[in-house]
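Below are structures written as structure tokens.
The two complexes that follow have chain A in common; it is paired with chain B in the first and with chain C in the second.
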Partner chain A sequence: MGQMISIDPVTRIEGHLRIDVEIEGGKVKDAWSSGTMFRGFEMLLKGKHPFDAQQVTERICGVCPLAHGTASSYNLDDALGVELPDNARLIRNLCLGANFIQSHILHFYHLAALDYVDVTAVLNYSGSDQALLLLKGKISKLAQANDLYPFMPRYDSGDYVSDPGLATTLVGHYVQAFEMRKKAHEMLSIFYGRVPSFVGTVPGGVTQPPTIGNVLAFRSRLSELRRWINEVYVEDIKTIAGVSAYKPFLTAGDSGGNYLAYGGFDEDSRGDKKFLPRGVIFGNDIMNVMPMDEKKLTESVAHSWYKEECEGLHPSEGKTEPDLEKKEGYSFIKSPRYNEKPMEVGPLARLLVKKPEMFVKLASDLGLLTMKPLQFGILPRHAARAIECKIIADEMDNWLNQLKPGDPIWDKKGIPSEARGRGLVEAARGALGHWIEISGKKIKNYQCIVPTTWNASPRDKNGNRGPIENSLVGVPVPDPDNPINVVRCVRSFDPCLACAIHIIHPDHNGVKAFRVV
Partner chain B sequence: MAGRVVSRRQFLKQAGATAALLGLSEALIPQVARALEELVAGKPPIIWLQGQNCTGCSVSLLNTNYPMIAEVVLDQLSVRYHPTIMASAGYKATRVIEDCKKENKGKYVLVVEGPVPKNNGGEFCTFGVGKGMKDLMGKRVPGDKPMIEWMRELVPDAAAVLAVGNCASFGGIPAANASVTGSTAVEKIVAEIDSRKPVMNVGGCPAHPDWIIGSAMEAILYLKGIGKLDLDRYKRSKTFFGKLIHENCERRAAFDAGIFLEDWNQNNQDLKLCLFKMGCKGPVTYADCPTRRWNSQVNWCVGANAPCHGCAEPAFYEELSPLYEPLPNVDILGLSPTTDTIGWIAAGATAVGIGAHYLYKQLGQKTESSKGGEE
Partner chain C sequence: MMFVSTAEFTSCCGCLSSLLEVGEPLVSLLSEHSVSFSELVDFQDISPSDVTIVWGCIGDEEDERIANEVSRMSKKIIAAGSCAVYGGISARMQQLPSKERVPSSLSRFEPVDAYIPVDLYVPGCPPPGRILFEALKGTLEDYTPIHYDYTVCSECKRKCEKKHTGRWFKRNERIPVEGICFLDQGFLCMGPVTRGGCHASCTSRGAACIGCRGPSDTVLLSHLHSLYSDMLHYISISTTGKRAKPEKTLEEYIDLLYLFTLRDPVTKERPRERLPRTKEEK
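Now for the complex of A and B:
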């Protein structure tokens, strides 16, 4: 038996995640992913006015409220029989796009970059850039005061980027990125009022009509962001992916090659055509993208702290009864499966389905397309995120052009006494689904399956590891006291735990069955 | 030159921004500057813990402008532990907390985002490894350490505790399931550990970055003898939570004139119609959103033709639902046939009707909703 190490908390992600790995021969032999926080939204939406749903569900997560609010709006549109006006569809695309930009920039620079860049290398900077010299001054002062928090301490590793010029440039971009992601939020608030937690989308459409003024305000920020994404973010990703010490991470961290994309950013009023297409890939057979069949979605709770009767149900029928005494349980996250298989969701899944030219070229340049078997690891996951950020930002300019001031933004529909609905969208972190059942004009049942539930799920009833668990197997860990590569791999998925353990299940009451010890 | 990081002039500039943020007199700027300078010389250590949170308040804080977030982290505070931004993970991260507690007894500020669950020994929210061992599918691994344990260790030696956001302050959305998890507001947890420990609440779902930084600055300046710490009965700063949204709303004139938005397609950008009929909770919500606005002052909820949902109120969400229905007990159009008197009558009726409704919600339904799971 190998050596067990526990990493808790996994920081620089959203929420509470614990990773346990078994190390043997300097590599991960096995891995377990545990979500360690449970809120339980059950009961909250039961009997509530259906319009409340998006205001409540967007508060599942403060990093991706947009995804939940958007999914919830489409879910209610479906239940109410809304014919969504083009303006509303475009504004939803623009605002969701703005949050993709915010989220992707935040992820690479503020959540991931400190795994690759040595901040202390700034102390050796000898260039003449005034902004970087100012930064050097600040870091020097922190170092003198022996107060380099929150950049130190960190896991020791011999392969941080420590060239003073390059490291200082990257740390400078880390600081710039704070302002860029803030600008993306400003752009979003033009139509949606404010963010995080916003108010501008409602069942049937949006609240703020396009005007010449707000389109201009949006475009000026978008132009600046597009330039920065193109000239800084995408280039930094190429730089990191090209560091020779990081070559193993091109393939290490492959999740097993099953990918799922619901598709997102509707390009027609029925949502049949999407900018990011829908599709399923098995076993890295990337040229064989299959159509998605919603009936093949199920959730397993074999190793989740929920009672057995919650096992194997379609999400629209799901149950959630906590059982902390369950012997085989090790996570509050359930295990969603497609056709009984674990599926990776997120930017890599979406771009392998869409195959935009820029991504194909980069994958080819990095030698990824000639490998046998095909594998997509830690760095391709980051690269997909950056390129997706660029192509969405570019497309947003076209959506702005299609807005028609004066045209409708809302299709007013009454609440039916009985109805079901569903909203499938893409969140920054991957495929997101909301399901609703309305009865007596009130919410009877509301369910979500979110991206990190897919990625960070524990083993299912067949013993299949979740995608993050699977991706960790084989990752090199030369020093068990400093498992830097384990957290590099986990962070490449951009996990969001608050979403993963959302548990909105108003129809079901876990209280009676719950054992108090 | 590079060594001299923050000049006197920069301190004065920052002090001006801080004074403006807190609504302090310009005469106090030199004093504020001196306090900020002292602050930088001995940056106060911050331990930021996350309970049953969604990280929305942390993300909101990133949107700060005065000061910008890079200045907060590099120049003003010593952020020892914040799980979303810190470099270290696992035992190296939790060791930072333990070291900080030892080295800064009585000096660190404990910031808590999200409430703390108490049931089942606190197992509904854990981070870091605990003392015992547990079974993980046949392997022996270290057990989990509940958030409540961390609170018991860290509250006694903290200088003060800042609860950030509605759910840390008042229970918020996670409290709806309190019967299962025992989710509890930070203030109550702290009182159980050390009843004399100062606690300040920052409402909002999410909290506005100015409210977070401003509340913290107000507390720090107050300890240095500058300005006053004027808290309401919910331990919120009156600087930010002292005024009713309805009284300062840019669309108040439309309310008084009785012109209401009833269809989002019929909105007139110039008229700025009142959102009351779309469910606006501005008449019962205390926050400075209309003047402070959000996201670098770009907009705010009512500015986007959407109703205020009352997210800064302790009553949010459950007692303010349904969010898109008008507040009850206020029949504005039924009260007056003339446009001249409608506003006056509406305003009077609102004050009485909403006040009574609000009191009922606050006092009457709180107990009912907190045990809502047992039906």
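Now for the complex of A and C:
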């Protein structure tokens, strides 16, 4: 058996994730991903008024409340039989789009970029750009005080970008990104009041009508963001992807070639046509996108701390009943599967299904399309995120044009005494589904499958690893004391654990028991 | 230069997300000080710190252990968000029938000050970034941050009209008229009993207040000393001028009333000086 290392918690992600890897011959041989928190929001919702679901599920996660609120609204719309007015559909798209922008910027600059850039290189900057010199001054002050937080310390690596000019520019963008993210949130609050945990969408529509004033306010911020995404974000990704030392990461970290996208951003009122299309890809056969069949979704709990009777159910029938004594368990995350296969969700999956020109061109420039078998690793995942951010921001401008001030924003429907509904949307991190069963005008059952549940899921009953576990296998780790590549790989998925589950339990003996086995 | 830290218990990271909203002023403030431990940087071992912001409620033994350690290492502690201040949304677990509860090791869900002393409370789900930032800056620079003792109503720009006398409507039951008080239209709005400071961001975007900032000082210090009856009392006074009978629809509202401040029993049991208010009043 190779050497075991544990990273607990993986930092600079949202929530608590523990990764155990077995290293042999300088590479990861096997991996286990454990979500070590539990919150059980689904249990909270039983017996509640169906309209409360949206406010409660928004609080599942403070980074992507928009996605949950939107999924919950679509879920209720479906159960109530709402015919969504165009204005409401567009405003939901615009606000979800703004959330994508802020989330992608936050992830790349504030959570992931420091894995690739040597901040101390800023001290050697010799250029004449005033803003960068100011930044150099700030960082050298921190360095003199021997305190480079929040930039240091972290795992040491010989391959950080250390060219002073480039590194300084990138660190400068790290600081700019705070302001850009703030702009995206301002844009969102024009229609939704505030973020996180907004109020503006409700089952049946939205609460704030479009007016000339708020469309203008939205557009002015959007134009600034589009410019920044084009000129800074996308270019930075291309720069990092082009660094020769990072070439292995183009393919290392491939999750196994199964991709799933529920599709997002409806372009008609029934949601048949979507800006990001729905589809499934198996075994890296990216030219063969199959239609998605909702009946093939199941949740396995073979290695999760939930009771056996929760095994293999469709999410609309799903159960969430914890069982901490389970010997095979090592995570609070369930294992959702499509056709019994683990699926990667997120920007890479969405873009492989949609195949926008810009992404195809970049992939072919990087030589990814001629490889056999096809592999999409850590850097393509980051690149997909940036390009998606750009195409959504560009499309948002068109959606703004389609808003019609004065038209209805709400289709009011009463609550049926018995109904079922489901809301499938795309969140920044991947496919998000909410399912509801209403009985006696109350919630009988509410289940959510969030993107990180797909990506960070543990093994299922057939022993198939989850996508993050699978992607870690083969990642080079020359020095077991310095597992930087492991965290680079995990972070490229943008895991969000608050969504997936909650409650820290790092010392749970389930993990140890599993390791001995 | 002082050490600033953040610690997270059972939470959704919404408070962190809200703080980051502040942008440039936050970066400037942090470049003058030093971060000791935080989930946003790589370093998470708890070490001495001057000001620590904590978010999330205490969910299990591990949270309690971290809380005690944070308390030992930090000179001042700011409890941010409704989970840390009141138990928040997770504390609703306490309402579940006992057979549906999660195993006991996972079901505490209590406010932070049930375990460790707190110097400053910043309620809200999440609190607006600027209020959180102001609280941090004030604590670092030793001045008293603004105390938001007024209600959401005093910030709301909706006009009051004829008092509503019929039955109450659920939040999404019908389409509210723009620019007119929700209560006057028959929608239950938590404005009159909720702490302000949020610029009434929900009511100005067509949605009634759901009380995420928790009870106002008036409610907290009220003689009835039960959040539920207090809220009911003040809302009925500000609408009909009389104490309302708790009708069926209002009772259904209990979930929303308690969404953020569920721990009525806790508030009841807390000695008055431990009620979550800001520093200068303690």
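Throughout what follows, the second predicted complex is superposed on the first by the 499 of 517 C-alpha atoms of A that agree within 3 Å, B and C clash if a C-alpha of one lies under 4 Å from a C-alpha of the other, contacts with A are read in each partner's own complex, and residues count from 1 in each chain.
Keep this in mind: a residue touches a chain if its C-beta (ideal position, glycine included) is under 8 Å from a C-beta of that chain, and two chains touch if they have at least 3 such contacts.
Because the structure is a prediction, the values reported are computed rather than measured.
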Chain C versus chain B on the shared chain A, clash or fit after superposition: clash
Which of chain B and chain C A:211 touches, first, second, both or neither: first
Contacts of A:303 with chain B and chain C, given as first, second, both or neither: first
Touched partner set for A:478, first chain B, second chain C, both or neither: neither
Chain B versus chain C as contact partner of A:127, first or second or both or neither: neither
Contacts of A:26 with chain B and chain C, given as first, second, both or neither: neither
Touching partner for A:182 - first (chain B), second (chain C), both, neither: both
Which superposed partner A:440 touches (first chain B, second chain C, both, neither): neither
Touching partner for A:328 - first (chain B), second (chain C), both, neither: first
Footprint overlap on chain A, comparing chain B with chain C: 9, 11-12, 14-15, 37-40, 43-44, 48-49, 51-52, 55-56, 59-63, 65, 106, 110, 138, 141-142, 145, 147, 149-150, 152-155, 175, 178-179, 181-182, 185, 189, 191-197, 199-200, 202, 207-209, 322, 324, 410, 412, 498
Chain B - residues contacting chain A, complex: 1-5, 43, 50-60, 62-63, 68-70, 73-75, 78-90, 92-96, 117, 119-120, 123-129, 135-137, 139-142, 144, 173-174, 176-177, 179-181, 183, 205-206, 263-265, 267, 269, 294-296, 298-307, 309, 311, 317-318, 321-325, 372-375
Partner chain C, residues of chain A touching it in the complex: 9, 11-12, 14-15, 37-40, 43-44, 46, 48-49, 51-52, 55-56, 59-63, 65, 106, 110, 138, 141-142, 145, 147, 149-150, 152-155, 175, 178-179, 181-182, 185, 189, 191-197, 199-200, 202-204, 207-209, 322, 324, 410, 412, 498, 502-507
Touching residues (chain side chain C, partner chain A) in the complex: 1, 10-18, 20-24, 26-27, 30-31, 34-35, 38-44, 59-60, 62-63, 66, 88-90, 92-93, 96, 100, 102-103, 105-106, 125-126, 128, 170-172, 174-175, 178, 198, 201-202, 204-207, 210, 212, 252, 255-256, 259
Residue ranges of chain A in contact with chain B within the complex: 1, 4, 6-16, 18, 20, 22, 32, 36-44, 48-49, 51-52, 55-56, 59-63, 65, 106, 110-111, 114, 119, 133-134, 136-142, 145, 147, 149-155, 175, 178-179, 181-182, 185-186, 188-200, 202, 205-209, 211, 217, 303, 322, 324, 327-328, 330, 408-410, 412, 459, 483, 487, 498, 509-511, 514, 516-517
